[in-house]
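Pasting a structure here, questions to come.
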Amino acid sequence: MGDLLWPADERAGGVFTDTAFLDAMVTVEQAWLDALAESGVAPDPVALAGVVTAADLEQVAAGAEAGGNPVIGLVELLRERTGSRWVHRGLTSQDVLDTALVLCLRDAVAEVREGLRRQAHALAGLVREHRGTVMAGRTLTQYAVPITFGLKAATWLQGVTAAAERLDRGPAFPAQLGGAAGTLAAPAQLGGGAAVARALAVDTSERLGLAFAAPWHTERSVLTEHADALVGCADAWGRVAADVALLSRPEIAELREAAGGGSSTMPGKANPVLSVLLRRHALAAPGLAATLHTAAASYVDERPDGAWHAEWDSLRTLARRSVVAASQAADLLEGLVVDAEAMSARAVAADETLRAEQRSMGGPSTSSGGIHEAPYLGATDLIIDDALDRARILWKDL
Amino acid sequence: MGDLLWPADERAGGVFTDTAFLDAMVTVEQAWLDALAESGVAPDPVALAGVVTAADLEQVAAGAEAGGNPVIGLVELLRERTGSRWVHRGLTSQDVLDTALVLCLRDAVAEVREGLRRQAHALAGLVREHRGTVMAGRTLTQYAVPITFGLKAATWLQGVTAAAERLDRGPAFPAQLGGAAGTLAAPAQLGGGAAVARALAVDTSERLGLAFAAPWHTERSVLTEHADALVGCADAWGRVAADVALLSRPEIAELREAAGGGSSTMPGKANPVLSVLLRRHALAAPGLAATLHTAAASYVDERPDGAWHAEWDSLRTLARRSVVAASQAADLLEGLVVDAEAMSARAVAADETLRAEQRSMGGPSTSSGGIHEAPYLGATDLIIDDALDRARILWKDL
Amino acid sequence: MGDLLWPADERAGGVFTDTAFLDAMVTVEQAWLDALAESGVAPDPVALAGVVTAADLEQVAAGAEAGGNPVIGLVELLRERTGSRWVHRGLTSQDVLDTALVLCLRDAVAEVREGLRRQAHALAGLVREHRGTVMAGRTLTQYAVPITFGLKAATWLQGVTAAAERLDRGPAFPAQLGGAAGTLAAPAQLGGGAAVARALAVDTSERLGLAFAAPWHTERSVLTEHADALVGCADAWGRVAADVALLSRPEIAELREAAGGGSSTMPGKANPVLSVLLRRHALAAPGLAATLHTAAASYVDERPDGAWHAEWDSLRTLARRSVVAASQAADLLEGLVVDAEAMSARAVAADETLRAEQRSMGGPSTSSGGIHEAPYLGATDLIIDDALDRARILWKDL
Amino acid sequence: MGDLLWPADERAGGVFTDTAFLDAMVTVEQAWLDALAESGVAPDPVALAGVVTAADLEQVAAGAEAGGNPVIGLVELLRERTGSRWVHRGLTSQDVLDTALVLCLRDAVAEVREGLRRQAHALAGLVREHRGTVMAGRTLTQYAVPITFGLKAATWLQGVTAAAERLDRGPAFPAQLGGAAGTLAAPAQLGGGAAVARALAVDTSERLGLAFAAPWHTERSVLTEHADALVGCADAWGRVAADVALLSRPEIAELREAAGGGSSTMPGKANPVLSVLLRRHALAAPGLAATLHTAAASYVDERPDGAWHAEWDSLRTLARRSVVAASQAADLLEGLVVDAEAMSARAVAADETLRAEQRSMGGPSTSSGGIHEAPYLGATDLIIDDALDRARILWKDL
């Protein structure tokens, strides 16, 4: 793996690669064969594992244009090599392709969740350690009122928590089993009629560990909702990265990535490279989800003339990059170096400005000592507690 | 109301107009004043209703550039006209603006829900009436296998149901009350400290009928998630519209809008104008939500330098257009004219083609009579029942 | 004018408002009437100016849904009030609407050009004044090698120049005159046939000061190319704004806007509000142009079922916001306050870091004195000259 | 090559693959070495060809995260294997990466141009053959007035011509040679100063066959303008595809792709697969260009913290898919099967409707015979001539 133009792509490993997708399609065909046999419609299934492999990728890919998708060529190979005419019998290309998309997406989302879990733990640590680390709050680039770094980390944690909540309450991962026009007519025709056809769909879904759902061949909210949730993750990470990149600037120097990236020409340069690469993802993700929405809204007929095809690589790219970024964000937060002294020194230096609002409010403490003796922090502690409480609903051991 | 370049804009009435937004901001200021008084921090509140009105819009708008938002000018007017120095005391511009956004968004979403309810009822009627109305299924523009129009309507219903489910499980509508940097420092300073500050936030939220939440001044999933859900609605409507526009073509003529739009030059022309205007919305909506995501991912500091400002009109435009489209989609479906005979005649004419898969499957009924005697419809009835059952969870009386 | 949720909207004045668009449509109808009369096809034209005015906006807008566009209702009013049956005779709605879009777009682009001109002059001044003002170059947030502020301003100038060049070499502003399906059949029918019909189109274009072009009713590059060019402007301004917002931070404080924006609660706060509002535009503009492209690619038939309608408000919003931003960027640059001493002091303080590359290169001057005695500036002067030369091709008096 | 999830990817062959990009980076390093030697700054250059090859891709890609880009690892390999310390001396990563992007983009655009040329020739043939083939014009899905298929093809040709014109007037393909912060300080330091540094940049540009330009390291209109032009191509093809897909429907059957795509389950099905895959590209392309704009507008400093990195794969994907689509559109048009009889028969059948406007216009020929005796075609012939004339400026032999 690896991609010259998307550095760190290898962090996603085998998730949603062409090979993974090929395997997923074969897995779907196998589950269907097994269900057919279990129901008595077909004889004992042949084993498809290993029949078509990564070595066949180029051939299957090259054959995909003629039929408009890679399933037709795959099925030909599977039938030819197993001699079984039952392979794919009763399915349509979209059943196999959509279900394989969902299988790969599920794997990607699982990796993203693991990243979010790691991030939440790292953030909880930062929140606790820096609950009282006073720093300058900044709005519209200028000093505003004081905050603590624990509070900033708590708002990051809120973003990570919200992103994870959204993944949790998103739609399930359903198999797509509807046949040529979403009627399950072909499996019904194979014997047993409607009830058996539907039972085949249920059984196949279960074998794949997926939810059973009525055909969603033209109702694509399953994909758009997952995609939106992944962009929600990108937003949460992008915001952390924007803060880290800013606070890593030498003029500010309140945060630092554990291992800064180097330069091809300037020795000693330590760039906040994880933040940079997270921001990259955050900039590119919304366009991918927008494409999925445009496609979903363009569905027509019982299978559309282009909208379906526009989804596949957009979804894959978004999912894979999300896995990369989830891992990077976790590394970033686990290794984040906080210079509490620098934060404190700046807050002291800017005390006059950071007190402006307080003075205008009047009240008891304005005339008192410096920022650390009488910090103007309002309900910071309560808000931090709220953020931790919310996160603990998802991650009990936080 | 009305917008020359977004025909039917007036369907959204006063929702999320500049006037509505002004009123919402005043409502927020009032709720805060009331909460301050209730808590004993401030004296009895002045009444703000009617103090600043639509007549002041131009002045408030014109003053918005200097401070970067319309709150500062509004507060000046309110203070000047009421003579109360307690107006806005303890709040920051973002508190007022964000909470007003949420109030207006809530109103828009309520209208969208009502549209979805109407659509679901109209669709359930179509599903029941046309459960057995055989028509040609089409994939990739070509005839595939038979379906019934009831099934097609049931897949539309699935889209509408999924869109409504998503609105239901979306985030609540929270007030934004955090002060200049999300610490509630100013209200705490006014007297009583952190606990009172937080109680003020809770009380204000309740007075507005909004959820209480920790400050989300830099964590914008509240907005993106609602926006994504609204685009999900647009997708569902866009897909219905694409099918209706297609099936209204004179060469197909299986569906017809109740009242077709006219022409400036061709008498008698009946265009599927609601479908056309729904497709318009579906094409334009994804870009607006993408902007909200790009903004959310660009948040930095305790208030960002542009990302916040990019959200306001994008959200408003999306919300308002969603209200328009919700109403149009309901009208479209309530008035949809189905030509069951045309559907049937075409299915008979294409019987040979629509049977191709069935023949290739073998099995009992292939040699039998025409499409109506032995329809090749698989589990169509069961799938229709599934769609109705799912919708009935949301709309009991469906 | 004014828009609560897009502060500074009033800078665009009357450009591309609903009123301006109404007037533009009337202007198109008048030009056509005049051309008809000139050619002898119709009798002396009635005068349409003032017949339908802003007072009719609500009625025309409200009538736009029925026919899917505002032209039909406008024509009814014009015919009714003038009694002339020649109004709109031979035209189709799209002719009027598209040509009015182009008229309004042309006005917006003219304002944008004027803004670019002002910006270029302001930038040339900054370049000249600060050609030798050494400052720290920064890459990936960290110190890199020295630059001068004149060079930074020169790269901004390159962006402004490139944006202006692109507007210059963009497509012309053509009238749309093709009739119901782009054949000019109706005007040909009115008398005189094809040659006269075409002459009418040429004459009408000339009367409007627009280019004559073959009907582009389904070929929308005219709109997308202008829209892309406007987004190109937004990019150029966004980049200036990003640099100004950054360098205005109190920890850096090398630049400052002439008049910073205030706060509703923090006295004395000076936010870089023009930069903030420019960044807002830059974040929101790409989605609008993307919508125009998606629409353009979805055109079907001789007038499409939604794609056309999606363009109108997207184009208007982009154009109007571009006018606002052009004016803001000019103000920003004309008033920009440069703290050359702060730049210099920082470069001296960071001298060790800024010399790292130089040391690694070896060569004569590495052992010499501080950053100002032996600046490591390479071809900075030549590059500045290049940028000025390029800009002078467009603006001779620069 | 080949991509399971973007069928027909292999049509782009080796254009802008990871291997091509690796080669392009090596080519840039070589050109610089050669220029260094030519200028006398460095000794005779080592030969880099073949030193790092596709076999090293995984290693270079895996090393790209640490420095944030693939250049650093590549340079290490090149230096290690050649033993030359002059490799990359005076360059920065961005010089190599940006220039390699431009080299790959240039190759992609060359392929796109060849596709446009083929398309124009095919279209000119269709225009000539069907100049008089009457068919129903359709607007908003309904019959409007008659056109000829030659006219429809001529409007397609206008789109292809406009797309090609835009590529032609786009910016040149410039090398990026500016060093760490766009000052050419490093090469100046190597000996000879500013003039030699600049001469090195000019010489290197020439060796690569690229334009020389002042550093555009933070001024990205070079990339966005090319990207927009490629989306312009996608729009032109998408529109052709939308018409072909529609007119290939069995109920209309006026057009047909030469070789329709098959089905995994329905024998005999002939889907307009090239149209489908072209529409796919048109749906996905705008989001990619929007990402490039968002990135361009987010540039800050002398190299930004994420915006640069977001460009690479977005540009590559857009460019590669454009090559695929250019080839598909050419095949589609070269093989398009026109059923002139079906067109004619439908026009006759719909004669009453297609005459409605003509009747309302009055004039001489309305009472005459059928659509073929007295066609209501206005200036169709003249408009066709205009389209051909415009195309011939680009393709003389059309």
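Chains here go by letter, A, B, C and D, matching the order in which they are written, and residues are numbered from 1 within each.
Definition applied: a contact is a pair of C-beta atoms (placed from the backbone, for glycine too) under 8 Å apart; a residue touches a chain by one contact, two chains touch by 3 or more.
These figures come from a predicted structure and were not determined experimentally.
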(message) From the centre of chain A, which other chain's Cα mean sits the farthest off?
(response) C
(request) Have a look at A-C versus A-B and report the one with more C-beta pairs in contact. (result) A-B
(message) I'd like the Å distance between the centres of chain B and chain C, where a centre is the mean of that chain's Cα atoms.
(response) 30
(request) Find the geometric centre of each of chain A and chain B from their Cα atoms only, then give the gap between the two centres in Å, rounded to an integer. (result) 24
(message) Distance between chain A and chain C based on Cα centroids, please, to the nearest Å.
(response) 36
(message) Two or more other chains touching the same residue: where does that happen in chain C?
(response) 68, 138-141, 144-145, 179-180, 186, 245-246, 261, 263, 265-266, 271-273, 276, 279, 282-283, 286-287, 290-291, 294, 298, 305, 357
(message) So in the complex, the part of chain A that touches chain B is made up of which residues?
(response) 68, 89-90, 137-141, 144-147, 151-152, 155, 158-159, 162-163, 166, 169, 171, 178-191, 194-195, 197-198, 214-221, 224-225, 228, 231-232, 234-239, 242-243, 246, 279, 282-283, 285-287, 289-291, 293-294, 296-305, 357-358, 361-363, 365-366, 376-383, 386-387, 390
(message) Can you tell me which positions in chain B touch chain C when the two form their complex?
(response) 1-11, 18, 21-22, 57-58, 60-62, 64-72, 75, 88, 91-93, 96, 179-180, 186, 241, 245, 259, 261-266, 271-273, 275-284, 286-288, 290-291, 294-295, 298, 305-307, 309-310, 312-314, 316-317
(message) Which stretch or stretches of chain A touch chain C in the complex?
(response) 138-145, 245-246, 248-252, 260-261, 263, 265-273, 276, 287, 290, 294, 298, 346, 350, 353, 356-357, 360
